[in-house]
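Letters A, B, C and D name the chains as they come in the text, with residue numbers starting at 1 for each one.
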Amino acid sequence: MKLSVASAMIDAALAEATRLKVTVCITVVDAAAWPVAFARMDGAPLGVIDVSGKKAKTAVLFQMDTAAFAKIAHPDGVAYSLENTNGGLTSFGGGVLLKAADGAVAGAVGVSGATSAEDIDIARAAARVLSA
Amino acid sequence: MKLSVASAMIDAALAEATRLKVTVCITVVDAAAWPVAFARMDGAPLGVIDVSGKKAKTAVLFQMDTAAFAKIAHPDGVAYSLENTNGGLTSFGGGVLLKAADGAVAGAVGVSGATSAEDIDIARAAARVLSA
Amino acid sequence: MKLSVASAMIDAALAEATRLKVTVCITVVDAAAWPVAFARMDGAPLGVIDVSGKKAKTAVLFQMDTAAFAKIAHPDGVAYSLENTNGGLTSFGGGVLLKAADGAVAGAVGVSGATSAEDIDIARAAARVLSA
Amino acid sequence: MKLSVASAMIDAALAEATRLKVTVCITVVDAAAWPVAFARMDGAPLGVIDVSGKKAKTAVLFQMDTAAFAKIAHPDGVAYSLENTNGGLTSFGGGVLLKAADGAVAGAVGVSGATSAEDIDIARAAARVLSA
């Protein structure tokens, strides 16, 4: 995950958040869950800094969007308590897995600060940069 | 738990995982929950490294397989939140308790990366080394 | 610390690092030590991600550049072990305190990945954005 | 870092440790500091399990052997307190960086349990597997 790509994803996410009139944090991690770029919009609650990072981390560590992860880690899911591993993970939408053209995991983007549906929408706007 | 035994269990688990065409992580811990041997198969998601360790730890700390632990630590179980003790435990199958011929706890093996049923199958393949 | 300012500081740091032909991580935090923006240049060692953040945190928490903090927190300094507080701080150059025109603390920038002298130079290039 | 290579490195380390009549722990991590394989020899002190992991992590995160890292992180070194970053690092020998034929970082091996000189010797025996 090059910084130029991660920065373009951050910019795309900021544009989409501005369009939706919400304030969020955005974290982009590489395929091994290490941070590449991060931005906090003016006015975003301080608590969502960490949430955006955990969403990105969760998506890449288990190679699925966090909305899908939420189903298996739910008390009625097949892997209840999975969210307690790896230093704490997040079980709701806003973390989107990034794949390269050949299908390999390229990293993940995590967005937090708005509703879960909006966070997902913003994360997908960022992800489209990779496939453009 | 001797390293020679733990290594033989890892090899048995790898063989069973290969037979099932899945990629997993395997952790073997001793009767005091300290790691003896660990292996990550090529292609296993990074998140399951920690899960395999937590499954082994959970099994040996409460002297039961994690599939049994899941029933008591579930929100509807008799000891809900037990999974939050000891630095975080796992409440789904794939951690198998190991006992010596005389019934004493010998350690545990934790497997993660496939379905819970497959993880359990692989962990049992490893456990059979001890009773062979 | 507005995101627009923090982003401009990141850009200035990236330009200076490119001029020096080094690869670094840059973290900008606000006056309460919370991250605003972060970037990792391609090829920077993974270990310096955390170092850049700790440098920025150290500078803002004690309201001095980390090169100054290093003198008091050194084993021969007046406050040896101060570096072990606040979850771990850094005692070498590369964290630069940011002040507003009226002298109030505005945040800090932390740079890591090159020599300490280069890290300081890059952090100062970022800091000049604030006073421009 | 493939498991087959990491396992061969563990075996080489065990053979060298046996030759030296010492008992150690060996951890092999990939280029992003994630564990691939681990082994604890019978009789190794429990405390060195974590030390072997931290040595491998330190080497790969800063792209140098831990004996070299020790010089810069020493109280009189250029980056005192660097050992307090990244969740705690180790500033003495026994972590050896692994490079591929093209010079790219391939991972690291960490050995702990004997004297530092012996730990280094054992780690180098493991590293030779990669270049063989």
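Just so we're on the same page, a residue touches a chain if its C-beta (ideal position, glycine included) is under 8 Å from a C-beta of that chain, and two chains touch if they have at least 3 such contacts.
Predicted model, so just to flag it, every value in this text is computed and none were measured.
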Need the most distant chain from chain C, centre defined as the mean of C-alpha atoms. B
Magnitude of the superposing rotation for chain C and chain D (Cα, nearest 5°): 95
Centre distance in Å when chain A and chain B are each reduced to the mean of their C-alpha atoms: 30
Could you put a whole-Å number on the gap between the CA centroids of chain B and chain C? 43
Whole-Å gap between the CA centroids of chain B and chain D: 26
If you look at chain B, which of its residues touch at least two other chains? 46
Draw the chains as dots and join the ones that touch; what shape do you get: line, ring, star, complete or other? other
Following the definition at the start, I'd like every touching pair of chains, please. A-B, A-C, A-D, B-D, C-D
Within their complex, chain C touches chain A through residues 2-3, 6-7, 32, 34-42, 46, 49
Which residues of chain B touch chain A in their complex? 45-48, 50-51, 54, 70, 73-76, 83-84, 88-92, 115-116
Counting only contacts in the complex, chain A reaches chain D at residues 30-34
The residues of chain D that touch chain C in their complex are 32-33, 58, 60-63, 75, 78-82, 84-86, 89
